[in-house]
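Listed after this line are the structures, all set down as structure tokens.
Both of the next two complexes hold subunit A, though its partner changes from subunit B to subunit C.
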Partner chain A sequence: MKRKKRNWTPYILLAPSLIYLAVFFAWPMVRSLSLAFYKDDAQLSLRAEASFTSPVVGAIPQAATVTILDTQGNHLETAVDSGTITEVWYRISSSGADGAAAEGWILSDRVRVDEESGGVPTLGRIRAVRRSGADPQSSVYVQPGSSHGEVAARLDAQTEVNILELVTLEVWYQVSGTDREGQTIEGWAQSAFITRGEQDPSSGFIKKGDTGEWTLDFIRAMVADRFFMSALTTTLLLTVITIPIQFVVALVMALVIQARLKGNTLFLYLFAIPLGVSELAVGIVFYLLFTESGYINSFLMGLGLIDQSITFISIQTRHWIIIAIVLAEVWRATSIVMVILVSGLQAVPTELLEAAELYGAGLWQRVRHVILPLLKPSIQVALILRTILALQVFAVVMAISGGDIVTTLSRETYRWYSEEIRNPNMAAAYAGLIMLISIFTAIFYLRAVRTQEEAAIT
Partner chain B sequence: MAEIVIENAVKKFGHFFAVNNVSLTIQDQEFMVLLGPSGCGKTTLLRAIAGLGMLDSGRIMIGGRDVTYMPPRERNLAMVFQSYAIFPHMTVYDNVAFGLKMRKADPAETDRRVKQAAELLHIEQMLDRHPSRMSGGQRQRVAVARAIAVQSEVLLMDEPLSNLDALLRLEMRAELKRLLVELKVTTIYVTHDQIEAMSMGDRIAVMRDGVIQQVDKPNTVYDTPSDRFVGGFIGNPPMNFIDGQVQIKNGAVKVQIGEFTIHPPEVIASVLKAFDGQQVVIGIRAENIETFTTPTEGAMKVQVLVVEPLGSQNLLTIKINESMLKVATHPDFPATADHDIWLRFPIDKVRWINRESQKALV
Partner chain C sequence: MTAEIKLTNAGVASAEMQAMRRRALRRLRINRGITYAIAISLAVWIILPIYLIGSMALTTPAGVRGFPKAIFPFTDISLDTMSFFLQSQGILRGIVNSIVVALITLVLSTLIAAPAGYAISRYVFRGRDFYRLAILGVRAFPVIVLAVPLAVLFMRMGLFDKTYSVALMHTALTLPTTVLVIGSVFASIPYELEEAATVHGATALQAFRRVVVPLALPGIAAAAIFTFVMSWNEVFAASILTLENRTLPAQVLNALNKSSPEYQFAGGFFMLIPSLIFIFFIRRYLFNMWGQVTK
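Entry: the complex of A and B
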């Protein structure tokens, strides 16, 4: 039997676009979605000894309080290792408080450098201790790196010291704390991950973890957020109000164009103008319509219908803001629906409409029984497109309400990522929610407006 | 009663007269065929009757009602479109019932009429199917069923068979004819296929350039075309046209074709007198020419150019003077290319045509 030769050409031709999709679409999407569910710094692993090579003894969740039992400084081969906290220690010699010569190690913070040669400090003084109630003298230790080690000497403030040598140390804390299971564990962690208490240097908390984990924390935080319900309901409300209006208006517009009246193309261009106007510009125009000295108020006053201007945009008039947003969205995005419907209408054979007319169908019956069923595929496309875009409504909302009185899901996404908060995880959670709703509505439309076997063959 | 009267119908597209001052009366229950080449205005005329394109001037009466400016749905007629115009999103049943539903007929009555129409067209098995899964012939039947289900008095058909393959067309032709005889509706049937027109119509109206050339029974149109165009358009092969010269000698009129002479009958002769010395056109159908293998009294000697055996007959191509002549013979007639035969024109089968006006002389 002769094997059928596989034709690879289509796959080769498709490959660039598949790669493009994977690199610029699928991967970023998965990455950003995972932001909503993955906490990078959830836990800090504690090690048996103050070294990254030593085994992990356990992990303490982020933000947990710990007791700091000991500190240790490890010599660094290179001056600074990225991402770690380092301490610089000086070996000094001086005459001590009692006049005796003293030599030992002291933290560089404790010394004000007076002279240096070639960038290396050579001469300094012991700094005064400012904190009230604290030890007025500074300790000099036998070994660098530990504040708990053997004290070689004690020096007064302003004592002159010769700086003989300096070392850079990576600081580790030995801490004890409770892990997720409630077990008390003890181990070493690098100081960069732990914030030491100001008042009580023996306590601290885990600033950030070094191991990530999957979590629903961000989702919970999103749902618990005070703007969440307002954003969700407003987004859905706007979608539910805007889309039916847009479809009815767009269908009428499409039918007007299809009627091939005189000036037919002019209508098409007129109807399509909003397509060329930016979302934000539309928002600003509608804001200007509705402000207290805006066009609507001026118009009504000019007609003498009102004596003083109506406040449309304020905390007390959320409904007016919603109405303004709906009007702006209808004005702005109806034409895209119309364009899709017009192209769908043009695919409907004229003879079908003539047959319907001949067999007694009036205008409404033709729309109901012939045009709408044949437009199903176009309506489906337009519905999916419009719903997805409506769920992302942003610029218009920002322009009209400033994004505070009335807020939407995408505005919340922006809020969490921008300004002073800059929390990509929460932003990703909101973005993921928008995507989830979009996918579900798309599936719903595909099933509800099914085109089955009626493929438009005449 | 649904007599259709068209008076001085004119339809222009820009400066082009698609229908140019057409007047036509179609009797009640008559099957009228509008025949003509494409672009002759036959479909435009039909659409004007249907109300799908308004006339620029003139009048259309259906059953004594002036419908010229009525919308289609008030004209009470049914139409079968060239592309069938079956609704692809409806089942066959809904398609057939469409006209009745739109007119809000009683549901039980609708059901009865749909089933009856489906039975007549032999599609009762497919009532719940969708047209996209049907062949062209089946869709065609659905279109006809939809048209007859409304039981209007007028049925318009716009080249209903032109999208079918040859064999199916032959079958549907006979079936449609049987059906329309049964239904007793006034039918206007548009076609460019002269065989369809001949075989189906009670009368044929031949159109050309927006003008009706001749309206007559099929055989009359075939045998005595009113002009050169009709004779050439109807029949396969088309009618032969040969130039001849009228000569009057001693009061006797004769027509000279080369060296051959024809003596026209009395009626023609009196007309031809006015054409002394001028050319006339002699029209004769291929099957009416008598052929002989031997010299015969009153026959002209010609040479055969081509012999085409068609089964039921042999078609000979012969050159006389400058004109080509098609002659149909019995398949047994022994004619071979490049050999001589003798032809005779039976004088009563000859159509005499004015060379200037292209019109028949009688």
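Entry: the complex of A and C
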């Protein structure tokens, strides 16, 4: 404004705020959209062999059923998480069936441990094979991990073995299933991603995927959610009812302030109080008015109008809850509109209003033809701000209705990311919807005001 | 001209004039009376809920549960309800957390916003209008959208359920308002004062430190207090970002469905008090910001 130097100082001064808002504002906004539309674990890729270095042969969508063809133990490549299935292999030595010494690896399931030292098994016996028709002998392999490897020796049941070493391996499954295109593919995947059938160990399903993809699944799930329609309609209804009332009350407040009564500053302070009051506290106050033993019931009873309490807050009386929420919102958020309108009015030249009065314009005419047109920029800002804030109404709803009888979009966002459920995708879908409606209303207000101006010019 | 007309008409129409003047005066008085009536009823509308919850919070627990309630409460003033609330599980910790979060937010937000506010009020530069518009856009943006992705990020980085992570989020929420308020504070200090100081031999930095800072300090303090109040009141993000280390509103919200009326009313009142005091101190500055925004 005043210094007309061209230098970098202003940019340097703005930099911290820009960086901060980029990290804590722009990034979360983009990330929120990707949470709503991107499924991290949509597909599980299968590999030609049981190794991460092996090429991917295809991918099977999450929740698809697969046939488990084979298993293999691998040395742990990643840290063990809760889903990882492991198997233990023993390196054993014993005298084989023919009396020759045998040494090799065997799956720990096949050995009954007889002796341990310090928790490490040292001595065991080969278990008997129970299934009829199965191979009565157990194979000992040169390498641990696979039952297809080179066999070092074959041992009878009950053979005594020395356990020399043990290794914990991560299990991979070889599965066969159908991909998105309907083609049958076969390949290996880590067991952590697959749930094996308890009844039938040869079948399983994909528990989660390892590759993400863009999807509308969360949006569909949101629309199909039982609270969705109720939340959407209630949010819009509350916005549509609350905002006109707030603007009328705020305008009246602003005109009262403009009238410069005695005690003007006191009135100004009183009208501005709700600006700093916690949303949750306001919700609790209006809940206090409307409960069965609340002030409204007390008042009506005191006047002798009723004999027993009216139940305002129940599933049957949703309209009363809506009324209570509207009153609470009008109480709470009219101040911000009032403040914006008063600042706008301060910029209106008093001569204009005096002139209008001199020419015999009544109050209504002055408001309609002088004050409102001059306040248009203020009203626009207030309207956008209030609408967007009204779409987020949260704590008031929670306090008055407990958050279930009457629900809003923000309450659903909270439901999907409170301590019981932590589903960031659904929460982001609801939040994204609030953002979408906010942006559309803002554009609508900006355009509506502009077209009016253009119409006035032509 | 007018004096002449008055003189010529004085004798003829003085009675008529006086009657007119009296009528006009009466109409003015009536209008004034109506305005007062409206002002007072609006004031009552604002005060009544605060008075009612105050009278609930400052009575005995039996009084809270009693029905029908007296229309003029405060019959038996007692601190039992308040002390019951303050001794409830998690409340003291919630208060401490809330204060810590609000203080970190206040410091961070003011430190980041003050230079930005100075820049937008003192310099003309390319992108200035865009910056102001963007800041206003951020101010109006739905907070709810930010909370969930930040919670996911904080969870991954091990910052979840920490007071400072809530403060980081609150700083993002309050920053736009603080920038605009501080900007308006600097804008209200005439540049000529700075210029005069430099003319008298001060360097630009000295002029800033000796002239601008002392004048701007009360306004910046007001902005900082408002930041504190916004953080103290914020409930959605605080609830999403915490589990054990809840702030006071998050704690009360979480306990809402399982708690007694005493707890709720005392909690509501307790959250309300600081705002009443703080808004009183900064009431003059509330209008600065919006005057500037709508220009």
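Everything below uses one rule, namely that the second predicted complex is superposed on the first by the 350 of 458 C-alpha atoms of A that agree within 3 Å, B and C clash if a C-alpha of one lies under 4 Å from a C-alpha of the other, contacts with A are read in each partner's own complex, and residues count from 1 in each chain.
What we mean here is this: a residue touches a chain if its C-beta (ideal position, glycine included) is under 8 Å from a C-beta of that chain, and two chains touch if they have at least 3 such contacts.
Worth saying up front: this structure is predicted, and the values here are computed from it rather than measured.
Colleague: Tell me which partner touches more residues of subunit A in the superposed arrangement, subunit B or subunit C.
Modeller: Touched residues of subunit A are more numerous for C.
Colleague: A:A356 in the overlay: touching subunit B, subunit C, both, or neither? Say first, second, both or neither.
Modeller: In the superposition, A:A356 touches subunit B alone.
Colleague: Considering only touches as defined above, state whether A:F394 meets subunit B (first), subunit C (second), both or neither.
Modeller: Only subunit C; A:F394 stays clear of subunit B.
Colleague: Contacts for A:V161 in the overlay, against subunit B (first) and subunit C (second): which applies, first, second, both or neither?
Modeller: neither
Colleague: Applying the touch criterion given at the start, work out whether A:P373 contacts subunit B, subunit C, both or neither, answering first, second, both or neither.
Modeller: So A:P373 only meets subunit B here.
Colleague: Counting only touches as set out at the top, which of subunit B and subunit C does A:M222 meet: first, second, both, neither?
Modeller: neither
Colleague: Taking the superposition on A as described, I'd like to know which of subunit B and subunit C A:V256 touches: first, second, both or neither.
Modeller: second
Colleague: Any idea which subunit A residues touch subunit C in the complex?
Modeller: Where subunit A meets subunit C, its residues are 1-6, 9-14, 16-18, 20-21, 24-25, 27-29, 31-32, 35, 249, 252-253, 256, 259, 261, 265, 267-289, 291-295, 297-299, 301-302, 309, 331, 339-340, 342-344, 346-347, 377-378, 381, 384-385, 388-389, 391-392, 394-395, 398-399, 402-403, 410, 413-414, 417-419, 424, 427-428, 431-432, 434-435, 438, 442.
Colleague: Would you pull the subunit A residues touching subunit B in the complex into a rising list?
Modeller: The touching residues are 349, 351-352, 354-362, 365, 369-370, 373-374, 376, 453-458.
Colleague: If you look only at subunit B, which of its residues touch subunit A in the complex?
Modeller: 50-52, 71-73, 77-79, 81-90, 98-99, 102-103, 130-133, 146, 150
Colleague: In the complex of these two chains, what residues of subunit C are touching subunit A?
Modeller: Where subunit C meets subunit A, its residues are 32, 35-36, 38-39, 42-43, 45-47, 49-50, 52-53, 56, 65-71, 111-113, 115-116, 118-125, 128, 131, 136, 138-153, 168-169, 171-172, 175-176, 179, 187, 191, 226, 229, 232-233, 235-236, 239-240, 243, 249, 252-254, 256-257, 261, 264-265, 267-269, 271-272, 275-276, 278-280, 283, 286-287, 290-291, 293-295.
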